[in-house]
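Naming follows writing order (A, B, C and D), and every chain is counted from residue 1.
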């Protein structure tokens, strides 16, 4: 049995841990051979492979990124893409394909498995934690940890200068990183894409924080948007929610706060630092278990399935379930956290 | 309404986050007053209190330890202890008691609530993650993170000197910290209290690792024990499982490995470092949510209950459920991880 | 003897360690009393004080920021400022003033000491490490550590996506943070204010790095500027070196690299995260020793002096020496590091 | 020109950074070839080599340990050792030898260079920072950082339980790690090998700390010894200072403190964790500059010299100077720090 592995979409700490675990168990316990495909779906599309065996996965557990490379290539959008993938897999003798990726990568896997009988197993990956059907995805805990450490650091600057510090974190469509890091970092306001924010209310929190003689930290997801009444950037396009899509919402918000409260405000955009580097212990644990269970799916011939976390168990769900809808922050959970605002 | 809060047992990162969350929500949303009791059950036993209000919980979120102090005082073992607690609560006007602690502290709370009508709400706390009825307890993720970072560091020394490094981590009765940190740290053997180990097998793993030209890391829980055939320390007492109880199992194992494999071996005992310092983002999130839900139990008059994590939800369970039996590592999970040994 | 203490300018990890050390030694060994002035020179200017004794400095060693607050108030630019300071010091009975700050704050101290006989002792503080007369200033090591950790993280993203990553670090006039963190982080190009850069040369390094199948990291100080031939931003003013002053040089450079090399490039601006949070062990050591020696200057009546690091010794130099000229990166040192470019 | 490189003695974060820098500059700027010798002096003694070129040093900058391996083999103690080394170097065509190591490794290099004309260049390495002729050695800053972080963590446990925590850190003959980490970590007593300690005085500090309602942290170097009057361990041999040499001084001291003060005390022995893992930014900077300057010594034919740090400069000194005498903590410096005891 020869098993192919690919990683697609944005990189995420833990990808290498998945690969290592699947290969270790596949080789040692089931006697499988492995083929690595380079750069996501580009690999099987172009037959671009890389050797994948026990020596190839040595020492990669603590390393961020992916030894297989990644890309956003979508074979469904390429003339004859599916045919070429099937031909390449056949030629290489690859009888099962572990696809590690987010909404797009898994969407392709679901389609290939359902419509074209390609024996795919999915492993969910999104730094934003916005995939349905799994409690958490690996990479998220690492990102939250990095953002929290940054917020911890910013507190001292805020206090020393009595300034507002706005921290923009990742999260285009879902506010999970903002919510978790904001709560863990003791932020005084957390703004997420799911709940358009009221600039006046944010300014109210800022002012009340200063009244208690402390300087406020505002955590804002990159996809957060102000309420309609606050639309000031006419030249921005609407996003998929129909809301104004700001690039640089953190910068914009800091300026609004300065104008409306008279307090100095500064912005920090954490950016790519959140998705790189060594995975947290939690993410190594989760990613490793995903890899071990993915290879068990292969052994069981259980294709079209994705591994998922439920409580402390790894379960199998149809890949399509994961990509059917975005997992966004529940309003009740956001309300729960609101007690710390202001 | 006046609410008392106490923290009992060994300290654990996240205790302050629970206290802060309960007080913030209790004061701001429900208008409650709070009384802090000093040093676990010693506080209500002796009427020893400390002021607990919003200013008292400012800035404590990222701090390890507990601002209330802790002890292992058990009022059930004291003549008239229960009476004194009831009297002191009555005198202070405390109408609900949030008890944050492990098996012992919660055992007292369960008894007081069930048998004597003391209005207790429980919050589970154990660095070892061995309390039933909750997926995880706060403090555990921090401990695993610290142990994993230490193992990461030890790899380079092992490789440079081609030595065996034995790392002894916390876990007297359950191997959760060893299992998670050992897997996350890429250990070549993980020994836990639940599965008496075979020294010869460990030495086999060590030898096979060296054969692949890499130096082995062995992670051993402090409560791990060798199988009967390996009993060499006659003067040690039996523990609650009926196994030999070694103090210093790491040191003992390193000597055994040296003697049997001829390789140099060194031991590191991580000790108290694992339970101190700032909580991880995960633990701050979990502890804060426990605090928010504990005060909701108080508001609902839902006494005798403990808050618990199930998947991503906080639920309520009878306190007695948590303390009824130790949550140990499932043999199937240990087997799953075994693919990385050797 | 009553001693005043103030901290001016941007915050910097280690300020609290200086304050604590001076107070601890002043009280315990010399029996002095202390007065804290709020927000830099604003404190003595307005007679705004805060109590400063042993309990006030407990636990502040590991904390970033400054418990005294800071500002950029310059009394020399205020009508009658010097008179008001002298009056306030006299009224409060403050007989010596420890001023902890950078070029501006120390410039005032030097002037007050020399021209007006105010008994000032200086402690050098600049995150940028650009003060003459001392080998290092505290805060710098912490900033370099944070930037290096960020660069470490960005490597994995660069490799996984074969992208150029541009990291903008602090350093308006001196490239010390860029140089140290770039070298420690294994950057493939380091651009500093002292050496106007040639965009074509940077693109050459980027291309040659990709040729070796690795993705490049470019570290650029916020004050770095392109050479004249590359002046593309007509609307920017000239800075104090007479070079074009870009805001957002990182962003600009990434766009240039994309345009000229055809490779994807992304920017990360580390910002305020570099100056906040707990100081590194090195900075705590240096700041503490500065504090201990500053109070010894007071005891010796050695005013108009600043403490400074020379090798492993703390020495005293005239404050004016420190502020006379900016300490910039020596071209020879920059050349030495150039072996790692490309 | 072919250049050999070896690393001897205990591993130390930064060794790989030295190797990488020497090879990068040697190959790129001077066109040299390199030969790596395995496991310290064992390599040239047995002609055991490993390829060393630009690809071999890629990515090793942030890695602890040494890619060349290490040992404590001393060729001076082997019959015909020097002859074999000279023969092997000649046979391999190695015309210069960069030896990276501590007292022992450099002692051999000094002897070989002076007495036998072997063209050695030395790079000082000791985690303990006890080599003369250089302000600092790489690895030391990393070790101090790890120990300081551990002490930071232990504070919360000490406070929560009102216990004494004794932390044993590295340092057999010199107390540099104890002094720096103890001061940076806010320890209440620091005990070093250079100054035999008085147990009664330590207990006095412990007691006075509790009187101020805080729990004490005692940092003790592994080589610290009690004063003669406290000699309680008759069976221990005398060390090179003529003092009693305890193994486990931390454990012993904790028991003494418990017995004499009646307070609970616990010990943490940090052990190998202090010397492993990724080097700090400071150590990467220092190690890289040592490597760059070592290859310049080779180019200049300046053999028998060692690179050293003086202030911010790298200078060259006779190897023999570095090994002539141990650099211990100056009593005046220890006194300076003593203000924080108790």
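The rule we apply is simple: contacts are C-beta pairs under 8 Å (C-beta built on N, C-alpha and C of every residue); 3 or more make two chains touch, one makes a residue touch a chain.
Which protein is which chain? UniProt says A, B, C, D = Pyrophosphate--fructose 6-phosphate 1-phosphotransferase.
Every value quoted in this text rests on a predicted model; they were computed, and no experiment measured them.
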item: Neighbouring chains shared between subunit A and subunit C, ordered by label; value: none
item: Chain whose Cα centroid lies at the greatest distance from that of subunit D; value: A
item: Whole-Å separation of chain centres (CA-atom averages), subunit B against subunit C; value: 42
item: Subunit C-subunit D separation of Cα centroids, rounded to whole Å; value: 30
item: Subunit B and subunit D: spacing of chain centres that average the CA atoms, whole Å; value: 35
item: Per-residue multi-chain contacts in subunit B, two or more chains; value: 152, 278
item: Interchain pairs in contact, sorted by label; value: A-B, A-C, B-D, C-D
item: Residues of subunit A touching subunit B in the complex; value: 21, 24-25, 28-29, 58-59, 61-62, 135-136, 141, 144-145, 147-148, 152, 180-181, 183-186, 214, 278, 280-282, 284-285, 288-289, 292, 310-312, 336, 339-340
item: Footprint of subunit B on subunit D - complex, ascending; value: 10-11, 13, 15, 63-66, 69-71, 146, 149-150, 152-157, 159-162, 165, 266-273, 275-277
